[in-house]
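Both of the next two complexes hold chain A, though its partner changes from chain B to chain C.
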Partner chain A sequence: MRIDSSHRNWAVASVSILGLATLLYLPYSFFYPGGARGNSLPGLIYGVLGYGMMLYAGLMGARKKVPLWRIGRASVWMRGHLWLGALSLPMILFHSAFYARGPLTFVLMTLLVIVILSGLTGAMLQHFLPRRILSDVPLETIYEQIPTVREQLRAEASTIVDGLCRKSGAVAVAAPPETGRSAPVATAEEEEGLIGLTESERMNLRQAYNTGILPFLRDPESPDSPLGDAKHAAVFFEALRKQLPTSIHESLSDLESICDEERQLTRQGRFYLVLHGWLLIHVPISITLLVLGGIHAIVAIRY
Partner chain B sequence: MRIRTTKKLGQRVDRSYVGELFPIPLWRRILTAGALAIALAWLGLYAIARNQTPYTAGPLTQAHAFLGKQCATCHGSGAGVAKQVADQKCAACHDAPIHNVEQARMPVCVDCHVDHRGELRLAGINDRSCISCHSNLQTKSGKITVAANVGSFADHPEFAAVQKGRDPVGLRFNHAKHVGELSQKCSDCHTPVSLSGRMPPRTKISDRALMSIPTYAGTCMPCHTLNFDDKITDAAPHDKPAAVHQFVSDALTRYIAAHPGDLGKDGAPAGAAAWVKFKTEADEKQLWDVTCARCHEMTEPVASGLPMVVPAAPPARWFVRATFDHGAHQGLTCASCHPNAAKSTVASDLLLPGIATCRNCHNGGRASAGSSCATCHVYHDWSKTKGVDGKYTIDKLT
Partner chain C sequence: MKTIELTIDEKPATVEEGTSVFDAARMHGITIPVLCHAHNERPVGVCRVCVVDCGDKVLQASCVRPAENGMKVFTASEKVRKHRRMVLELLMSDHPSPCARQTVSGDCELETQAAAEGITAPRFSKRVSPRGQDDSSLVISVDHEACILCDRCIRGCDEIRNNNVLGRRGKGYNAGIAFDLNRPMGNSTCVSCGECMVSCPTGALTNKSVVRTVLPGGDPVGADELKQLPFFQKVSGTFLELNKNAVIKRHFKAGDIICREGDYGSTAFYILEGKVQVFLQSMMSQKPRPAEPPGLLDRITHVFSPRRQPPNANQGNIPIDAIVDLSREKPVAELGVGDIFGEMTCMSLYPRSATVRASTDCIMLEMLRNVLDVIQRNKTLRAEIEKNYRKRALEDHLRTVPLFATLSPEFIDELAQKVELVRYSRGEVLCSEGETAHNFFLVRIGFVKMAQEHPGGQLVFAYQGKGGFFGEMGLLKGGIHEFTVTALDNVEVVRIGATEFRGMVDRFPDVANSLRRIAHEREAHNARHSAAVAAVSLDSFLKQGLMEANSLLVIDLEKCTRCDNCVKACSEAHDGFTRLVREGLRFDKYLVPTSCRHCRDPLCMIGCPVGSIRRRNSLETVIEDWCVGCGLCARNCPFGNITMHETPDRSGQKASVKRKATACDLCADLPEPSCVYACPHDAAHRVEPNHFFRNLISAASDENMFVTPADVEGGSRLER
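Presenting the complex of A and B:
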């Protein structure tokens, strides 16, 4: 979610709440007998507010799990998650009077700081990365579908090369075994009109495919493949075009396009890991924080 | 020509993926379960051991550390919001004499003594506790005998003893002569003694807190003997005029009984009784007008025919509401705080340092000596301590 002018009301409300809480904290901190502490009435109010904000932020996860619940718009929940979640830190600091001396309270404070920092990191990534992805990965697909799409790309490349080589009856190019799909059959027009390669040209194409393109399509993230880099790929295909007749340059461009799409999927995978990897910290720690925070509240009320 | 239209891109998707769990969501769940398991196992192990240490709000002071495993010992166990440790729980082990019968608001123990903050001295309370009342002091009767608006040491008025402006000692004493002409040191007459009775148990205050009151027998007598007659070797006692009169009369009676040859000599009467009366009057005139009057204010003779001595009343403690520890200041020269002592010619000169002298070091700055209320004042009036009848057994507390 981009943090733009649509957040203005939330930002104003959050800053106002923070300002008011700070204004009330100062006299409380200076003049409350024995000093500010968590079990004083003002301290408890700050604690309840802070934990309430954390719970609201946590409930967004539950809201996501059940999208059919019509409890407010998802965008409102997300904005609330961002702003109230961030606001929970100063509230808890006011609650604890900026100390965390007990074992559980220290753990809680540490978890809260981790949650807030990871959340801020995530918010920044969610703000900046989607635009970058849009420009760098125009052929973006659903992340979980990348292996499926890659399978399709390999099949498509195999079909193209098969079509170019089959005319002579030379070595037939089988579909890559791991695809599990049969390569589409070339049309009669393709066979008659486009392909007119000599034996040596077919051998060159076959060699380029088997040693360059196919290994890259099978393992697109390998650092050894020259096709993993756009510049090297351009040089590779330019050299191939010089060896092969103009009549199949369009097919070579298609192969080059498939390799480019592969590179985009690789980039997308990396972006995805960055864009969602922080959740591996944020979510487990948040849930643990909520559970331990609840235990802390129950024990504090008991004693 | 390979053209990737939106439709073609859409057709790439295998819709069966929706129900599957992919690596990041899967790991998110695994890590969540792991983190929760670790956290709950941590608390669970302590719960099995019946140890509530994880829930403590912070480390207890060393004196209370052994109570840390069982919150209920101090906190009780009834549920409630914003509960505090009840005063009765503290009073089970601690005596806490009242501060002042006139105080309008009686704070509970934990208003001032906040534990769970590690190795802090619980008695070294925060100024906030004091100024919550003393910044705008109210009393039950409405009568206020101390400063009513003190918010910090910077607001503290001049010490009451200094405000009086003079030493009420009621003696004649020339510091300048003793220190200057006679080259005496301060410690020749002033020795430190302990402050007792008004301090809480185990308070770290030195046994050199106060300066003793110089006494005649302990300080003055070596130089100022009370001899009254050349014929009598014994000096008169440092006592009331009647006792002195009796001593002089008896000494002269014994003398003339032993030396009857002195009767009638040097214009003295020839009879023994008349001789004793004559000599007593002469010797006492010397005593009252010169020897005693050197240090004491003497009145004219009253009905008994003897003068009276204006009582000397040197204060045992100048700062009766505060604790000053000379031992803590022994690194300083006496003149640092009492610069006028060497120049003083009369005992009524007030040689006590004022608050400005203290503020040279106790000024609340970063490099200041302590300037909190508790640096000098004690809340509880320990002269009213009653002691505690223990209620716990070792088994119950550990």
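Presenting the complex of A and C:
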């Protein structure tokens, strides 16, 4: 969710409501008999408004469970969730006259602050992170598909290395009989467009794969692997290129691309956790807040 | 009759006046080599192999030179043999050796005679410009390279069979044989009688082995037995002999399934005895049974998510690969003796469109497409099929088109006598843009493409399958066709002449109004389409096929938080099967997910055997419930936006699953696509791409910077 010009109306309305509520709060705070209190009529009105806004914000989660219900576009609900949710804090503060008397109200106030702060954090993350993902993870895939894609990448890398390290048995390929000329001999590798490596080059490649590339592909998030870092990976592959003939540099570039994609997937996983991780705090605390807020309302009115 | 006396190779001979020297020699046991002359054909003297010395100034072609009284003929003198060798050598230099016939049966007449004269390698250089081959016929292979222009095939076709299909084309070195006005043999009016093939002295016209000429199982039917059947009486015996086992007789007991919907096949069936029932097994399998009233919860939720009936959802019939269509209410039909079914499957290898079950004990002839092709080309049999069609199916077919629903039965009877059933082969043009409109067409079998020429290439406006029609715009507006219509496979159309069409328009104002409205709609649609295409210039935009989309789902990746609410909503809206995968190509900051684009040129619609993937006179491409699960549309979609799902089949008593194709239907029964409606971040949009991306396109065009699919795969942006 980007907080952009499409939020203008919500922002204007929210600021206006906040301004009006503040304007009303000032005389209420100074001139109301007994001072501003939660159980006074204006205080109750602020409380009802604040709780109503929290309730509306909380219904966002419920609305997502019924995507087919035509009860307003989800994007409208989300804007309401953001702005009214944020507005609920000053409303509750006006309701409580900036005091938290008693353990329940103190807990409620603490929870509300946590919810609002976590919500603001989430909104900021959702504002900035998608753009970062777009630029930093061009090969982004569906998060749940990452393990499958990784498996495919490992198989691809293995195929490339196995192909390069295959021993070059000189298999004679006869020239077509209709030419009538003596048959030039081509190796099977030449037929396939591959050029054989010497024994030592094969060993070097195999060793680099077994000790560098494969461990990285198996555990791309390991801090020990040099390939986890783009600069180190570039040095690693540059060194490998110097050891091996230019004819296989294209294949080495493919291996480098596979490692790069692995890094991107790791980055995507991290972004994903950050982008959605804050909800682990925001959602349960919001539910607790709403439940306790309800209890607070009943207790306050009943007693 | 007056007789004449002459000597041939110093032997006295007496023949009737008017006899040719060639025949006179043959009657007296002297063989003169010849290529262009056959005993049952009129002599033309074009090959010059039969030259003889009659004492004239020059050597004479014996096949056309009449014998004269006192004539002294030498058929094998040194001079004659020298000339004959020269002719054979010249012919051999223009003939592939060995040709197809020589390779298979070793009896190419030219090569045999050349070998007899000791000609192994001609002294003259071979032809440099190839004359080509024509493999368009299912029955006969035409190798123009091997043709020696003897014209025996032409005389066989025109004079013996009176088909008048074959003739000459070109002049001099470029001369050759031609079918009709130089059309490919398969697209010509050739009836595949085989006379040309039998007449040909070389491998220029040979019997073609089809991929599978032998049908397994069943009782083989010999050519003689087939000739006893009225249906095959007019088919060439030569052809039937050459295609043994391409027709077999099968016996079915009542209740036996003859073919199943969705199966791939390559044969057609002709009912010799008994009756069969044609039906769709999968009909309505995805919809809840009407007997179950909605529950209380359903009624409450319906208040929040009202579903509307899509327009035209239940209009018209279901087209199937038989002479009849199936009604949507009761999708069952019956066929009897003399009916053919499976023509489209046989000719174009489409999946079977319906299941056929024997309702009584039946005897069927199952045939491969080379046989069906010959039958369909045979004029007498065509007339029979047409008569049957006019009698039984034309009215139903016309009424399938909603705008003809008001035609009176009397008019249809009248029309039935005047319409023509015309066949076209793949690639044939039915009418050309800018050409005078003479006909209105109604598609009976196959698919056609309607396109216009634009700078930069052809622009496809629509595909029409069975029940589709075209030509009305030309007839109603200025008499000029606005499209070039091309057959995409073996197509059969009902052709209604301009006079009958105008008569219909004059007599039935409702039909006239409907036709005018449709013509206007098509015209407006075409104008929009042309304008949209004209506005697009960006290479990558075109490469990704984005301009082809009518409605493109795009996700703004700067707004999307990857919450997958769009996918969940889609799944919720479609019985738990999502029609959207949040992965695909990218264009700038937008992801184009895997979801139907409702293309302007919906290739997916080509070939659907039951016409279940279609448009309902509206934008969205929908897959109707009677999909038989053949998967052809999924393979045809160039963007992989159609997926096959196993869905619960509730049509029978037993629980089973049925394979169905699914694609985004834009939630046609809801006011807005669910994916867009459910996106909390305002990131998902259904857009008209040319409009939506117009700023981006013009900016990218200015900067020469754009993203190609390959770039996206590599994750880079390229400057050009």
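One rule holds for everything that comes next: the second predicted complex is superposed on the first by the 277 of 303 C-alpha atoms of A that agree within 3 Å, B and C clash if a C-alpha of one lies under 4 Å from a C-alpha of the other, contacts with A are read in each partner's own complex, and residues count from 1 in each chain.
Criterion: contacts are C-beta pairs under 8 Å (C-beta built on N, C-alpha and C of every residue); 3 or more make two chains touch, one makes a residue touch a chain.
Worth saying up front: this structure is predicted, and the values here are computed from it rather than measured.
Set against each other, chain B and chain C differ in how many residues of chain A they touch, and the higher count belongs to B. With both structures placed on the common chain, the touch criterion links A:203 to neither chain B nor chain C. Touch criterion met: A:99 reaches chain B, while chain C stays clear of it. Contacts of A:33 after superposition: chain B is touched, whereas chain C is not reached.
In the superposition on chain A, contact of A:66 is made with chain C only, not with chain B.
With both structures placed on the common chain, the touch criterion links A:139 to chain B and to chain C. When the two complexes are overlaid on their common chain A, residue A:114 makes contact with neither chain B nor chain C. By the touch criterion stated above, A:297 is placed in contact with neither chain B nor chain C. Shared contact residues of chain A with chain B and chain C: 139, 141-143, 145, 257, 272, 276. By the touch criterion stated above, chain A contacts chain C in their complex at residues 1-2, 6, 60, 64, 66-71, 73-75, 77-78, 126, 129-131, 133-134, 138-139, 141-143, 145, 257, 264, 272, 275-276. Within the complex, the chain A residues that touch chain B are 30-35, 37-41, 44, 99, 101-105, 107, 139, 141-145, 148-149, 152, 250, 253-254, 257-258, 261, 272-273, 276-277, 279-280, 283-285, 287-288, 291-292, 295-296, 299-303. Here chain B touches chain A in the complex through residues 1-2, 4, 9, 12-14, 17, 20, 22, 24, 27-28, 31-32, 34-36, 39-40, 43, 52-59, 71-72, 75-77, 79-84, 107, 110-114, 116-118, 126, 128-129, 132, going by the rule given at the top. Put simply, chain C touches chain A in their complex at residues 301, 304-306, 557-563, 565, 568-569, 572-573, 581-583, 589, 670-671, 674, 677-682, 712-716.
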